[in-house]
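Presented sequentially are two complexes of subunit A, the first with subunit B as partner and the second with subunit C.
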Partner chain A sequence: MTDKPLLSVRNLSVGFPAGKGHVLAVNDVSFDIRPGELVGVVGESGSGKSVTALAVMGLLPPTAMLSGQLLFEGRDMLGLSRGQLRQLRGRQLGMIFQEPMTSLNPVFTVGDQISEAVRALGGVSRKQAADRAVELLDQVGIPSPRRRLEDYPHQMSGGMRQRVMIAIALAGSPRLLIADEPTTALDVTIQAQLLDLLNGLRERLGTAILLISHNMGVMAEVADRVVVMYASRVVEEADIFQLFDTPQHPYSEGLLGSTPDMAGTARRLITIPGAMPSPGALPPGCLFAPRCPKVVDACTKAQPPLIDLSGGQKAACIRAPKREAGVPA
Partner chain B sequence: MSAPILEVENLVKHFELSSDNWFKRDRPVVRAVDKVSFTVGERETLGLVGESGCGKSTTGRLILQLIAPSAGAVRFMGTDLIAAAPQKLRAMRRDLQIIFQDPHASLNPRMRVEEIILEPLYAQGEKPSAALTNYAGDLLEKVGLSRRHAQRHPHEFSGGQRQRIGIARAIAPKPKFIICDEAVSALDVSVQAQVINLLQDLQAELGMSYLFIGHDLAVVRHIADRIAVMYLGRIVETAPKAQLYVSPRHPYTQALLASVPVSHPRLRHSRKRLRGEMPSPLNPPSGCHFHPRCPLARDRCRVEDPMLREIAPGQTVACHFAEETASPAPLSTPS
Partner chain C sequence: MIGYTISRLLQAIPILILVSLMAFGIIYLIPGDAATVIGGPSATAEDLAQIRANLGLDQPLYMQIVTFYTNLFQGDLGRSLMLGIPVTEAIIQRSPITIGVAIYSLVITIVLGLVTGIIAALNHNRWIDQAATIFALIGVSLPNFWLALVLIVLFSVQLGWLPTGGYIPFTTDPWGWLRTTTLPALSLALLQAGLLTRITRSTMLEVLSQDYIRTARAKGLSEWVVVGKHALANVMMPVVTVLGLILSVLLSGSIVIESIFGVPGIGALLGNAISSRDYPMIQGGLLFVTAALLLLNIVVDVLYTWLDPRIRVGGGK
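And then the complex of A and B:
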């Protein structure tokens, strides 16, 4: 794994018009993904994690206002023409979505839809595209792939459809796969199979993966590094072990504490009181301050910046370095 | 264990589908719930888990008689609900309530919160009064909302708050039993934790029993005392939770538990995943429904339905070879 990032998100902000002004769905977000790395973005509904993914894919509606940089191998994607972006999306970036039911076209066969993605890349015949479709279906673990080409999406289960979506995303052998809640709608045994599949793709093909999820367990299962988002901002970024062993932001701690675990400790769940503020009515200072158990006066004065701690860990909390020095919270 | 408040015996629900062939009389039948039996004790929480389509939600609705069972018995506090006259059933529902999964779909958008919460009491023939209005305020405070919310409409609330309104409605008639049908599944994790704690506090305070239907095994482990695992319309294993999670004996339970995401990255290991997916209940496999995916399957499994039998105190398993599944990780050896 080289240290040169494949994708560099730099100070990305995304605003949407609302009433007379606009609201920021993503606010000053920065992180890197290196080749072959699996980076998770975790957060609750409305944290801005999906909008971040859509921004990277260039799939936001025209009303969205973007600022910052999206560097793919050093090239800023925000400056690209539609045609250049299209090229990049086919061959370098692939994306899978949460809803395998609605992302496939119900009136075309699975084979047609995969072949379409293959042929869009150019330079292949119909026959070659069909062969490639078989190969892709095999790669995502669909048994007897040649027979399944003739199936329509409704003939497949949710897990199978998500595999087809992954096959389409892999058509151009992308170097980065963006997966937005790919297992959320699926049962736990199917989720486990798909997480294994994503892990396998990374190992066999060296595909870097940006995995968006609200589920800390999914992160624990496959992520190398995690970006925690809250109310449009990054509040913490850490190696997966650092995040679980020494979370530095009280929100990360709260998320971990409120997830029931299988260890079966009969503890009462730690809760985060209240709910995430709506993007139109953000509190002053740290956005998490109104719900934070460790809030001090200074928290409501200014938004704490994301600061570097040891070992590549970053947190946007004015108290973060204290805990690192071994001072109990 | 305390005396059962709810006894479900050989509960069956067959849904008839329309036939593909207009000339054929026999219509295909989905066996959504296939001879399900269990009991729930006083102040006990029974977790009912399984994947989508296994029949767990249908079971909940059958108990409440929201849909009519095809066969079987549901005895609640000694009364058979299936045979009960409509008036009697309505009166029993005072003690038997439900909380639904989707807090957006289960509250009438045209009603004010107070009307929503008091609806179960109005259904029992009570009339609006100042005392009831005051009671609605008390209920709102009990579930962590404020009295002043009573005059608002559901759309003014977040998902977590709406679920609290659904809970206030369920506890309004002071029931002895609540069916929680995926009651926390639609909520974000920090809000989910708040609602789980609320359900536990209310149970301790009001002495209710819960049937907690869910697919998230970590959540169910957290809240349930005893757990029943369903697969394709049948219960395959029941056990006190400590036993179920530590020494599951049905190969399906074992596979299900192995699929749950780990709680710490250190626990990552490559586990034997369950092959394939749950077959359609329209055409379930012969014999043991699980045999096509089971690493232990043999000829007998293809022909003979395994009965639930007690394999350890309090633990029942529907597997012919449950004696062989006690080793710590039978699924880690490739078959």
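And then the complex of A and C:
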């Protein structure tokens, strides 16, 4: 693993028009992904994690207003033309989505949809593309792949379809794979298989993965590093062990507390009271303050910045530096 | 798929029986006696008896039904009172003309409706979309006979580009055929194109927001392939569904349109038969048009299963 980031998201903000003005779905988000690294983005629905992923892919609707930088191997993707961006998609970037049931075109065969992605790279015959499709299906663990080429998506289970989606995303041997809640719509047993598959592919192919999920358990399973998002902002970024051992933001603590413990220690799950503020009606100061169990007066005055703590951990909480210094909260 | 086709054909039988009974009953639907209506005020008692004997009206009812169906299965629909030739012969002579105009009209409908609908959807909420929506609304609202008259005034009278009416067979002179059939085909097509535009536009908008379109874009495919292949294949299904409906409106519209333009097809034949109370001709025409529409709708249904693998591979075996 080199230290030079493959993808560097710098102060990314994404706004959508709403009424007369616009609302920010993503607000001043920054993080890096190094080659071969698996970075998780975790947060509730509407925290801006999927919008961040789509922004990286350049797949946001034309009404979206983007600012900041999306540096892919040092090149700012926001400055690229639509054609250049299309060249990146499929070759350097691949993406799989939450809903395997609707993400494949129902009227074309699986083989056609995979070989099409292969042929989009150029320079391959129909036959070669079909062979490569078989190879890809084999790679994602689909048994007797050649026979499945003629299948239509509706003849496959959700888990199989998600494997097909991964095969499509891998067609161009991308350097970065974005997986947006890839296991959410699947059975728990299939979830584990798919996470294993993604992790295995990362190790074998050296593909960096940006994994989006609301599930801390999924993160614990595979992520190297986790970015925690809340109401369009990054509230914490940490190594997976740091995050589970010493979460620095009360929201991360809340998320961890509301995740069932796989070790089987019986305890009552903690819930975070209230709901995430809507992007149109944000509270003053820290966005989490209205739901925070440890809120103090200063929290409602100003949005605390994301500050560097030891070991590369970052948190946007005014109490974080004190806590780290061992001062009891 | 073959099984499906056969079952659809079998389903058509009860409908054909019902329609044939209605065709048979037409003669009894006339107020008073059919023979007096046909014979007119100057007919003598012998004339009326002769007409009754010709139509078989002097037979008991069950005999009339038996004779009607016996003849029907032999392809004998009786003799046209107006033309003096067998109804079957008249239909065979005239139907290719109507079929030709209907196909021409259908092609205009599909091209115009699909293209306008797709362009509108791709430019959602921009002026071009609104223009297409207005065009479609005008299309579905205008009566076709009125449109036919407007087209004659514009293209024949004012501009002098096309003849006001008449018909030249395709086999005699293809260019002449095109000149004589363009206005009838347009009058029939513009309205249907409006309907098709609306359906294509709304379906396309829905399809473009689907997850698999996002997948296609994520693959790095060009917008041309995304829309022309991935979206269009899914848009075609609802479009094909309305084709059956469009065809039936095209055929029923041809009665008025052919009369206006003097195109001697089935439509004009039926129109004349109705106004001159040529009952055998009306019966025969009704049966023929119904059978043709049933067949076309079956073709559309089978085409639908061919387009949608979920039906073809799933339940269609």
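Points worth noting:
Assume the second predicted complex is superposed on the first by the 322 of 329 C-alpha atoms of A that agree within 3 Å, B and C clash if a C-alpha of one lies under 4 Å from a C-alpha of the other, contacts with A are read in each partner's own complex, and residues count from 1 in each chain.
Definition applied: a contact is a pair of C-beta atoms (placed from the backbone, for glycine too) under 8 Å apart; a residue touches a chain by one contact, two chains touch by 3 or more.
Just so you know, these numbers come straight off a predicted model, no measurement behind them.
Once the complexes are laid over each other on subunit A, subunit B and subunit C both fit without any clash.
Judged by the number of subunit A residues each one touches, B leads among subunit B and subunit C.
When the two structures are aligned on the shared chain, A:107 is found in touch with subunit C, with no touch to subunit B. After overlaying the two complexes on the shared chain, residue contacts for A:196 are found with subunit B alone; subunit C is out of touch. Touch criterion met: A:117 reaches subunit C, while subunit B stays clear of it.
Once the two complexes are overlaid on the shared chain, A:165 sits against subunit C while remaining clear of subunit B. By the document's definition of touching, neither partner reaches A:135: not subunit B, not subunit C.
The gap separating subunit B from subunit C at its narrowest, counted between C-alpha atoms of the superposed chains, is 7 angstrom.
If you check the complex, the residues on subunit C that touch subunit A are 210-212, 214-222, 225, 230, 233-234, 307-310, 313-314. Those residues of subunit A that touch subunit B in the shared complex are 44-45, 157, 159-160, 187-193, 195-196, 214-218, 220-221, 223, 240-241, 244, 254-255, 257-264, 268-273, 275-276. The touching residues of subunit B, counted against subunit A in their complex, run 51-52, 158, 160-161, 188-194, 196-197, 200, 215-219, 221-222, 241-242, 245-246, 255-268, 271, 273-274, 277-278. Within the complex formed with subunit C, the residues of subunit A that make contact are 57, 59, 86-91, 94-95, 97, 99, 102-109, 116-117, 120, 152, 154-155, 165, 168-169, 171-172.
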